[in-house]
Structure formats: C-alpha cells, structure tokens
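Presented sequentially are two complexes of chain A, the first with chain B as partner and the second with chain C.
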Partner chain A sequence: MRAHLPSYEMKTPASLHEALTLLANEPGKWRPFAGGTDIMVQFEAGKLAHRKFLNILNIAELKGITKDKEHLTLGALTTYSQLQANAVMRAEFPLLCQAGSETGAIAIQNRGTLGGNIVNASPAADSPPALVVYDAELELVSAQGVRWVAYPAFHKAYKKMDLRPDELLQRIRLKRNTAGAHQYYRKVGTRRAQAISKVCFAGVARQSKGLLSDIRIALGSVGPTVVRIPNTEAALNGKKLSSQLIAQARNNLAAEITPLDDIRSSAAFRVRVAQNLLEEFLCGIGSQN
Partner chain B sequence: MIKVNCSVNGQKQTLRAHSMARLLDVLREEAGLTGTKEGCGEGECGACSVFLNGELVMSCLVPASQAEGAEIRTIEGIASGEALHAVQQAFLTNGGAQCGICTPGMIMAAVALLKKTPNPTEADVRVGLAGNLCRCTGYMKIFDSVLRAVQGANP
Partner chain C sequence: MDRPQALIGRAVERKEGRDKVVGRSKYIDDITFPGLIHGATVRSPAARGRIRGISFEGNMPWDEFTIVTAKDIPGHNHVALLMNDQPLLADGFVNHPEEPVLLLAHADKYLLEEARRCVKFDIEPWPAVFTIEESLARKELIWGQDNIFKSYLVEKGDVDSVWNTADFVVEGEYFTGAQEQLYIENNGIIAVANAQDGVSIWGSMQCPYYVHKGLLPIFKFPDDKVRVIQTETGGGFGGKEEYPTLISGHAALLALKSGKPVKIIYDRAEDMVATTKRHPARTRHRTAVSKDGKLLAQEIDFVIDGGAYCTLSPVVLSRGTIHSAGPYFCPNVRVKAQAVATNSPPHGAFRGFGAPQSIFALERHMDKIAQVLKLSPEEFRRRNFIKDGETTATGQVVKDKVDMQALLTKALALSNYHAKREVFTEQNQRSKIKKGIGFATFMHGSGFTGSGEKYLSSVVGIEGTAQGKVRVLAASTEIGQGTNTIFTQIAADALGVAGDVVEVAQPDTKFVPNSGPTVASRTVMVVGKLVETAATGLKQTLVQSGFLHEGYSSRQFEEAVAGYVKKFGQLKAFSQYKQPPDINWDDAKYQGDAYGAYAWAVYVAEVSVDTVTYDTHVDNFVALQEIGKVMHPVFAAGQIEGGVAQAIGYALYEKVVWKEGRMINNQMTNYIMPTAVDVPPIHVFFEEQPYSRGPSGAKGIGELPMDGPAPAILNAIENATGLSLNHIPLLPEDLMEAIHD
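Up next, the complex of A and B:
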C-alpha cells in the first residue's frame, strides 16, 4: 500500500549549523535524508516507519573531494557518479569506484551518496567492503564538535552504528597507501546490473620475495554487518602462495563467516561463492608477479 | 504543502506539492507533463527518468523538497519545437518503441549517455540503458536505435 503523504514531512535546513541545532534539540525526531535512493523505495511501498526527514542534500560542508599527501577525503554527499569521475579515486581506490559503478544504474549513481550507503547500514551494501580494506575513517559532526571513528568498528551490529541521533556523517577519509598493492573487488548478484549482492568481496594484498603481506579482506552479505576476516588474513600473511595455502584459506574463511539463508540466497551458496572469490583474489596475486 | 520554485523544460514554475511528494507525481499531476511514466515506483525500471540539474535521475525517488531551485527537463523538453531529437527520430524510424511506456525513460537515458559518450559502442549503450526495463522489444531494436541516432547525427 502506498504511503499516506500528509503524515510525512521534510524540512530543508539552510545551513549545517541549522541542521545540527535541529538534530540536537529534537534528538531522534529528524532522520537525515540525502539522495533518498533507499528511503524513497520504502516510502512508496508504505513501509517507511519514520515520519520526519531532514533534507541534507544542499549542505556544502558535506560535499566535495579533497586530497593531501596522506589522505583522500570524501564529503558524505559524494555521489557514486562523482567518486567514479575523480582521477585520484580511479588511480588509487579502484575498488570503491567499481563498487560505485555496480550500485544500481546510472540514474541511481547520480543520486545515491557514499555517506548514505554507510549510514543506511545494509549488510548487503556495495561500498562498505571496499571502505574496510582501505582503512576508512569517518568524521562525525554534531553541535558539540567533530570526532573521528575507524570505519569497520563504526558498525556495531545489524543496523546499529556508533552514531548518535544528533550526529551527521560529514566526511570519509582514505589513506593513500595503495600504491603497488594488488586490489580485487567482486560483487555477485542475480544479474550484473541493478542487483543487490548475494556476496560482495574486496581484497588488498602485497607480495614481495614470494611472500604475502598486508592482506586485508572484507565481505558484504555474509553477516549482520560488513566483516573483515582476521583469522583467514593472519594465516596468509608471510606465507608463499600455493594450492595448499589456498585450500587452507578456503577452510578458514568458511569457519569465519556466518551468512544467513534469506530471500536473496542460501547460507551454503554464500559460503561457496565467498570461498571462490577468495581463491580468485589469491590466484590474481600469483599471476601478477 | 510547500511551493517548489523550479524550472521545467526552460520555463520558471512554482509548483504546489507536499514536501515528500514524488517529483514524478508533481510533474504529472501539477505540471501536467504526463510524458514521464511510472513503471515500478521503486527505482528499478527507469520509466520515470528525467534530468535534474542536468543529471539523469529517477523521478519516483526524488521528493518535491529536493526539486526546489532545480532545473528539470522531461521528455517533453527533448525535441526542439517540431524537430525531434536524433534519438527520438531514431526510435521512430527503427522500431525502438512498442507499447511506449518505457520509451520516454529510454530516450532520456540515451540522451544522457550521448552527452557523456558521443560515440558509444554497443557495450556503452547496454551500460547506459541498464537501468531501463522494457517488456516488449527484447532491447535489440532499442540498442539499434541509439546507435543509429549517433550515425544519423554524424553521417
């Protein structure tokens, strides 16, 4: 059933200050609304429980991409199209660009924002695995000031975040440390365009003198939040790639993730696909050298 | 209700709407522009595609509040007077439209693609139109129409 329009309200603050004041004065009452590519879907389906929305799409402080020697910093309102169009993003953070290019169609990528993808907190979201392997940090702003939090820890449990009701996600910061690293991203869904993932995998690794190092792997859609797999990573670091090592990594991975059976896929299928993606990632490191 | 000051197909307009009303409904019911179609209403089918400040968007996912101050272009604003856009003419000539519900969105997505990629390959066309569903044509005549629109424009 469609939503009953008069029971909803959207307010557009004139500035970041006005937005933060409103969030501080009426905590939990106003839900931030950016590109709306997920909220409007729930709204039209009559499933949107929240009633009052704060249109943050015009707030200048939440926009733009800046760089210095150490970091690339993305405003939370950076759209998927904007991040793909940025030359530093494409050169140094290709996994995030690929995630952007596989999120919905172009008309969605023109509206959907990176910040929205993070705070919407879907375990099936496309950008979080890439953000995790890039060691992203999030800047949260409120009337009290700003604080930075490390990205993977930001997600506490299913849809639970280290984010107070009076805070907005302002910026996302990535460390520019990817030069020379092997990078891999693959999303597996029902079809290539417009699909929600069954499993989403991002990995970064280095290899020198035949030994693996700096392995970071993150998966989406295999748990209540995006997950890293530290045990599997630890068992790979410092080792030489071999078919035995890959077989062992596949077993470690299966023991480390806990996917569910749901409308999009089965737990068993997700484990198998995650193992296959891990193998493809590792074989790619081998073939690079 | 709010007043949305915007420009629609080059004309300044003040549209009355609920703050969360979908731009799709505001365009069809307030502005009387019924060329923009509703397919799925959930951002999957592309039938409601319009340009918002020059960018292709799905109007079913845009609340009226976010159209304040915007420049909107709909399918009605694609032709220049009586002269059809090359993409429209190519759809007409090459059988790119059957029932017509997806056609306005297909044409908007194709025009957006050609703005960015003036000489697309078939693969580019497939990516550019990946967010637009058609249940009649099987897509081949649509892809053909877009490619021929380019040949028509650059003989």
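Up next, the complex of A and C:
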C-alpha cells in the first residue's frame, strides 16, 4: 500500500441529516465514500488526492428498491448484486442487470453501488449507458431540500456533474415503459470478466409496421462522459431498416463520438467496434419481428 | 508383509497442502523480527542518463531514516551473475527506468512511502534505445562495443549450398512480446546483518544458492558468513530465479547500516514495473524445401531483447537457439542468435526460457511453408519429423523412443481435428463468429543446456533423525509446483517406506547442500534422481551396518534409523551429479548433446474469432505430451493446465505497454491476464517412454506447456480467418487492423 494512511480522515455520520449538515457547513471538504471500490484502488496506489471522506454506506434513506405503477426507484446505495436480484429489474430493465453482472468481480458487485458508479463519473463505467437509454432520473438531496434531474443531462464534461458539493445522490428512478421494446447491451472489455470497458453500448428501440421509433442509444468509453447519439437516432426514427440505412447509421455514429487512444485501446478500434455494435443492435430489431 | 504401496505415479496428498489451505504457512510478509524496520527502493525516473544530484525534499524527519547509496557498499557494487555488469545501486549513471538508485528504511512503513516520493533525482538525460531494431542498428551505443550481450552460431551441413537448387525458399518474420510472470506472491526479502555474524536472508525465491553467491562479493564475506533461507514461496515462473539476489543485497545493505532487521516487500505495481519479464524476440526464418515437402535448409536469425544489463540473457538465448529448429530433421541448419541491449529493465527468466519465442516462430513458419507447398500443416510436418537416430540442429542423435507420427495422430483424433476443420469451414460462411482449429508440434529439453549440469554438479543429501524419520536435504525449492511432495515420493519409494517417514528440509544454505537452482524443468529429472540415489545410499548404510534387514516394514525402518543415529550420532548420505560419458557438448561450436532428454508434445487449439468485437476466444484445448513418467497425476496435469493458461495469456491478452523503456500498464486492471472464463477446458493426456536417467523414468515438464499454445492458437486463427498473423500478443485491436487493411 503506497498511501500515507495517517494523512486520511473518515467520518461516519449517524444520519442523513448529519451528513447533509456537514456537507452544507464545509462544502467540498468532505467527499462521500460509499462502497469505495474505486477510491480504494487509488488509495492503494498512493494516488488518492482527496484526504477527507464521509462514510455514507450506512445511511438508510439512501437504500432500498421501491416500485409503483409508473416507476421503479433505487436507493443510491443499491449494490450491483441487489439490483440483479430484483425481479422487476430483471423483467423490465435487463440492460442495467447485465451491466451490474459485468462489473468487476462478485466481491465488487456485493460492495459497489449504483449511485457510486454514477457520481464517480468514469466515462468507462458500465451502468451509465443503460441508465441513459432508460431515461433515468436522479434525486439529489441537500440541507436545502431535494431536486430531480434527468440523468442524460447529468454529466456535463469529464468528471463534471450537475451536482453541488453539498448534495448527495439519493435515489435513481426508472420509468416502467420498456414493455415491448427491443433492448440491447454489450460491453466490450479487455477480457470476459473483471475488465474495464473499451466500448460499452446500450440501445432500446421499437418497431411497428416496419418503421423504427423511440430509438435511444448510449455509449461508454467513447468520449469524456457517457454519450447519447441524437443525430444517429434521429436519422433512424421513422425509417424502415435496410442495409443502406444501417450503413448510413454507421457513418453518423462515427461523426458523433470522440474516442481517444489510451492504455486500453485505440480510437480507431473504438469507432469501428461501436459501429459494429450499432449494426448488431439494429439487425437484432430486424430479426425480432 | 506391510511393505507400503509405491507412491510414485499416485496423486498423494501435497506435503505442505494443509498448511497452505488453512493459512498456517508463513510467507515472507507473515514473518517479523524484534525491531524490524521496513525498506524501500527509490528508482530512476529516466531511461538513461547521468545522475547530477539527489535531493531530499518535503517535511520529512530525514534523520530518522536509514539511507543507502552505492557509496555504502563495502565490497563490489554488482549483482553476481554471468557478466557482473548490473550494479546493485546505480552509481553516477542510470541505464533503465526504475533502476534502483537509493534505499530507505524506517520503522513506519506508511511514512516510508511518503518519504520515497520526496527523494528527487536530477538526471541529465542521455539518448536511449528501446527496441531490438534500434539496438541492432546501433542507433546509440549503450552497452559494450556493439550493444550485443551474446551471440551464437549453430552450423549443421551447409545451408548455402541449397538455396539455388531448392524448389521453394520460404521466408517469414515473427515477433513475440514481453510477459510478466505474475506469481501470486510478490517479491519480498528480510535481511539481518552485522559485521561479526555476517548476513542472513529470508525470502521468497527459487534459488537460495544464487542469492548466497550474490551476497558474497557485496560484503566481501566468506561463504560461512552468508546464510540464505527460502520461506514459503507463492510462485516463481522464473521471476524469482535471479531477481531476489538484488533485493537481498538491498535489504542486507539497509540492515547492515541500520543495525536492524529490514524487510523489503514489493507491491504489485513495483513488482511489475521494476522486475524481470520474458524477453521480447524477433525471429526470421529462411527455409528451403523440396516440392515433395522435405526440409532442405533452415536459416534462422533469432534476436532477443535483453534490457539494460546482461543478467541471464546468454542462457535464455541459448535455450531459444537450440529449440529454434524444432522436432524436425533438416540436413542443413544455420542459427544466428543474438541478445541485444535496450534501455528497459533487464529481461529475465520465465518458464520456457527462450524456447516459447523461437518455437512460436517455427510453428507459425511451418504452417506458412505448408501453404506454399499446398500441403496440409499435418502432412508437411509428417514428412519432416525427426526419428530415432537422426540428428537435431546441434547434431544430437535423438535416443528418446519418440514417435511424433503416433503422437500427432493421437492428438488430432483426441481433438476431433479433421471433422472440426471441415465443419468450421462450412459454418464460417454463415456466421459472424469464425471458428478455427490449429496445432503445434514441439519438444522441450529437460535440465540445464549443454554442459550446464556438469558445471552445477549438484549435490543432494538425506539424513536420519533421532525420531527415525529421514529428511531430504536439497536447495531445490517448493514454489507451488510440488517439489516437497515429489521428493517425498521418490525418497519413500527408494527406501520402501511410507510417505510420512520422509521429511523435506526447508532450503537453508547453512544446512542443505547446493542441489542447483529450481529452474529449467530439472528438479524432478536431475535433482529427483539424486534424491533417489542418496536414499538408496542411506538404506545401504543401514543394511550393511546390520540395523536393517531386507523385508522390513516402515516401522522397522524407523527403528533402524533411530537406532543408528543413537549409536553413531548421525546418519547421512549424499549424491552428486556426474555427467554420463555419452553426453557430450561442445561450448565453442555449439554442437552436441544439448539436453539429456526431451519431452515431446502436440497441442491442438480451437478458437472463435468474433468479427463484431475482434475478440479471439480459445474454446477448447488438447495437450498431449510424452514426459517419461507421470510422477503425480494431479501435479502433472496441473503443470500442463497452468502452463497452457499462461501461454493463452502470452498469445492473446498479456501486452506490456512500453513508454520509453518503462511498463506503463503495471496494474492488474490494465495488464490483462486471462480469467477463468477466458480459459477453455484443457484436456491433458500423457504418454510415458521412461528416460533411463530420470527417477522412475521421469523427464522435465514444467516449461513444456508454455511452448506450444501460442503458435497453435495463431495457426487456428489463420484457419478461422485466413489471416496470417505473426506477432503476439495478438490483441483485438491488431486483429481489427489485419481484417480491415
């Protein structure tokens, strides 16, 4: 372990109220620590710059999965294992379950949280593409009250979010409107398990009378944040699937993503694999009907 | 008569297995001493240059730290190996990134890490070379007169007489990358030292006597003032062959200066960035063949990247050179081999030791020639397999009763090769997943190369204890591969007693003789035979002295041992290796009997190439080998399965990403080794043709499984996709480029 342990401090608030008060009084000083599955990696490597942490793992208000007719709502501390075990999740939001099942090892899935995956804001995270195509909404809580934001607009730039230093992510809400939709998720990692993604693709779409509609596509690891590709989607909506349409969609996609060369892969690979995944997604819609 | 059942050939319980499973085993980081402090290594940020200054920054209580530089070395500042060119601590100049420059020790290991970050080096950068090509082109002279650590020339027949008349001349160029050993337990050493008593070392290592030899010149101590004890070791794969000598030297220097026991434990990041890896290699083949598919001449140009210092590169080069022509008969062979210098950390020993590199090239090249000849890979090989009485590239007459034809027939049947080749060809036309099947045929020499075993002249002892047990005395280490258990099997069977009569001493240079390093697939075949002979000697002593009578039981044997020890004070027998007179090797010409025996193998790989993600997955694997004698069926299969998995990593996953001589993906999240779901079912089959000089006929198997998988996999990929790809690791990114170029 390369970190200098005595330089770090962690507080465990007794309640949500206490946590929010601390965040309000000393904004930016305390950083929330939930499962810690990413923070501990940086800590071990001696690269964790922030020194003061707020242990929120035991706060009851941030836990639990509830459902009503319209929504399924997940506490921010819902672990990857918990969300995979939920029957409504499995039936209606399989992409998020798949993302959870492909994140880290079982031990990480037992410890890592969906809220943590969101606010850690890694562009290579596995669950954000699924959350984007499900049009998830986030409930942010502070001493001043709560506000809801649409998830697809939450990530502003690399590691920049619509989240104030005095706020905690409390819940994630999903609209239960996926019945009958074609859904597709594929993570292309550096190996079949315990891998960080090189490209991650999530898509939902409907098709009636041979025409595509309600297409939502999101990708991870191809830009500074998870991205949706509105131009590619717009050019598909209302159209009939054909090889020409797919070829055009491939071209549109390449113009909408900005991947980089990095230690895990190359920009050229990411573009081409993203295009291949788009084609696989679209061909899947075709073969379903 | 209750004479116990023979243990050899049975899956007896692992000697130290229970202790490992329940956590009783003490690895080096589990061990401490009163007053122990922690040591850390401060390393060069530059690839090459002159050290202008060292500064101690930050708000650190520097006076509390023990600080060691090259100036503190009482004797010679080198790691004793072949050339003694590697300093223990850089003195004025650095030659690779992460080169050790300064050592720190402190009781608080957290503060120590903070302090390590606060030592800054001012280094005047010098131009450096980072690739085999740059080194061969002498872009910069970084080592000696020509950047070359060692070269060999093997000549058989006259290749130059063949080129003009041959029906075909086929050329090819093949590349293999570096690979990290990734033993589970990182490197670690504890040293205790003072001027009166000398140095004692405890640690994770393969070769206690290498460490012993390495410490003598550093301190100018006599032999008996250096003691080295191997602690329970969590894997080595060659990575703990030569490197622990350097860490031991560091820990001992800190211990001597501080007057306290010093522990140095590398974390994974340091172990990956700073310690040895498999040598990257470039192999060029030029081969003359007749139109009826006979090899006429092989010219092989084999170059390995040794890194910044010579270390073991000449020996790695040697094994790679000798294996480069494979299990084929060719009347004319020339192998030109070179180990060159680059400004990266020295590359070192790793399972296979040069052979996986040159065998990859040959087995890809054999498929290429077959294509030119419009023969199947199978048929072309069948026309060229070496037979009893024929000579290898070094002129060695093969005396193993090997039948490569039968081995190939069996492996192809076991893998259903012919049927699958047909089905895949048909299915691939309709699928985005392209399937293929390919194989490699190869052999691996057991024990040290050439006259190596003669120079080692290894010694094994066996002693009786007052309680009536016998204890095997050898420096050969248990590193997970089963040494303790197999020595027990051999000794127990030689003595005709139960396994619990036999103990295996912890390797400690104060008490065990030098049985040589635990490397080169030699522990069972060479050292095991010495165990057998020493045990037989001990038994003879007991019989001749009247303590033991033929037809004895285990219990009677124990009574005899106890009685003898009581009467005479001790009971010991030793055995020393003697090169058999019919094994001859000419070091100057590089000709003769390169190895006493070889293991022979045919490996078959089945792959799926996904044209959406460019991912190659190995779906199934058949490994058939002839190894003399299966000493322990579970361990033997385990060696093969582990080696195949490691070689799948070598072929498809494990890429060291270099930046100016430094590995930049030195974490297990970014250096990708295959997981359980990336490794296929591995079907292991053995044939046994006993080798007269191995215990119960055994030959070596530890390195063998590293050799064949990579070429078999790339041959399978060619079968699946039609792409001829000749470098590893072959990542999806590479496959994408190949498909779309």
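In this section, the second predicted complex is superposed on the first by the 288 of 289 C-alpha atoms of A that agree within 3 Å, B and C clash if a C-alpha of one lies under 4 Å from a C-alpha of the other, contacts with A are read in each partner's own complex, and residues count from 1 in each chain.
Throughout what follows, contacts are C-beta pairs under 8 Å (C-beta built on N, C-alpha and C of every residue); 3 or more make two chains touch, one makes a residue touch a chain.
Here the structure is a predicted model, which is why all the values come from computation and not from measurement.
Within the superposed three-chain model, A:272 lies in touch with chain C and out of touch with chain B [touch as defined at top]. In the superposed pair of complexes, A:4 makes contact with chain C only, with no contact to chain B.
In the superposition on chain A, A:280 makes contact with chain C only, while chain B stays out of contact range. Once chain A of one complex is fitted onto chain A of the other, the partner contacts of A:258 are absent, as it touches neither chain B nor chain C.
Of the two partner chains placed around the shared chain by superposition, chain B and chain C are both touched by A:194. When the two structures are aligned on the shared chain, A:36 is found in touch with chain B, with no touch to chain C.
In the overlay built on the shared chain, the residue A:45 is in contact with chain B and with chain C. In the superposed model, A:66 lies in contact with neither chain B nor chain C. Across the two superposed structures, the residue set of chain A contacted by chain B and also by chain C is 3, 5-6, 41, 44-45, 192-194. Within the complex, the chain A residues that touch chain C are 1-7, 41, 44-46, 186, 188, 190-196, 263-266, 268-269, 272-273, 276-277, 279-280.
Interface residues of chain A, counted against chain B in their complex, comprise 3, 5-6, 8-12, 33, 35-37, 40-41, 43-45, 53, 55, 57, 81, 104-108, 110-111, 192-194.
Interface residues of chain C facing chain A in the complex, by the touch rule stated above, are 110-111, 113-114, 117, 267, 269, 611-615, 617, 653, 657, 664-665, 667, 669-670, 672, 674-678, 732-733, 736-737, 740. Of all the residues in chain B, the ones that touch chain A in their complex are 18-22, 41-44, 46, 49, 55-58, 60-63, 65-66, 68, 109, 112, 127-128, 130-132.
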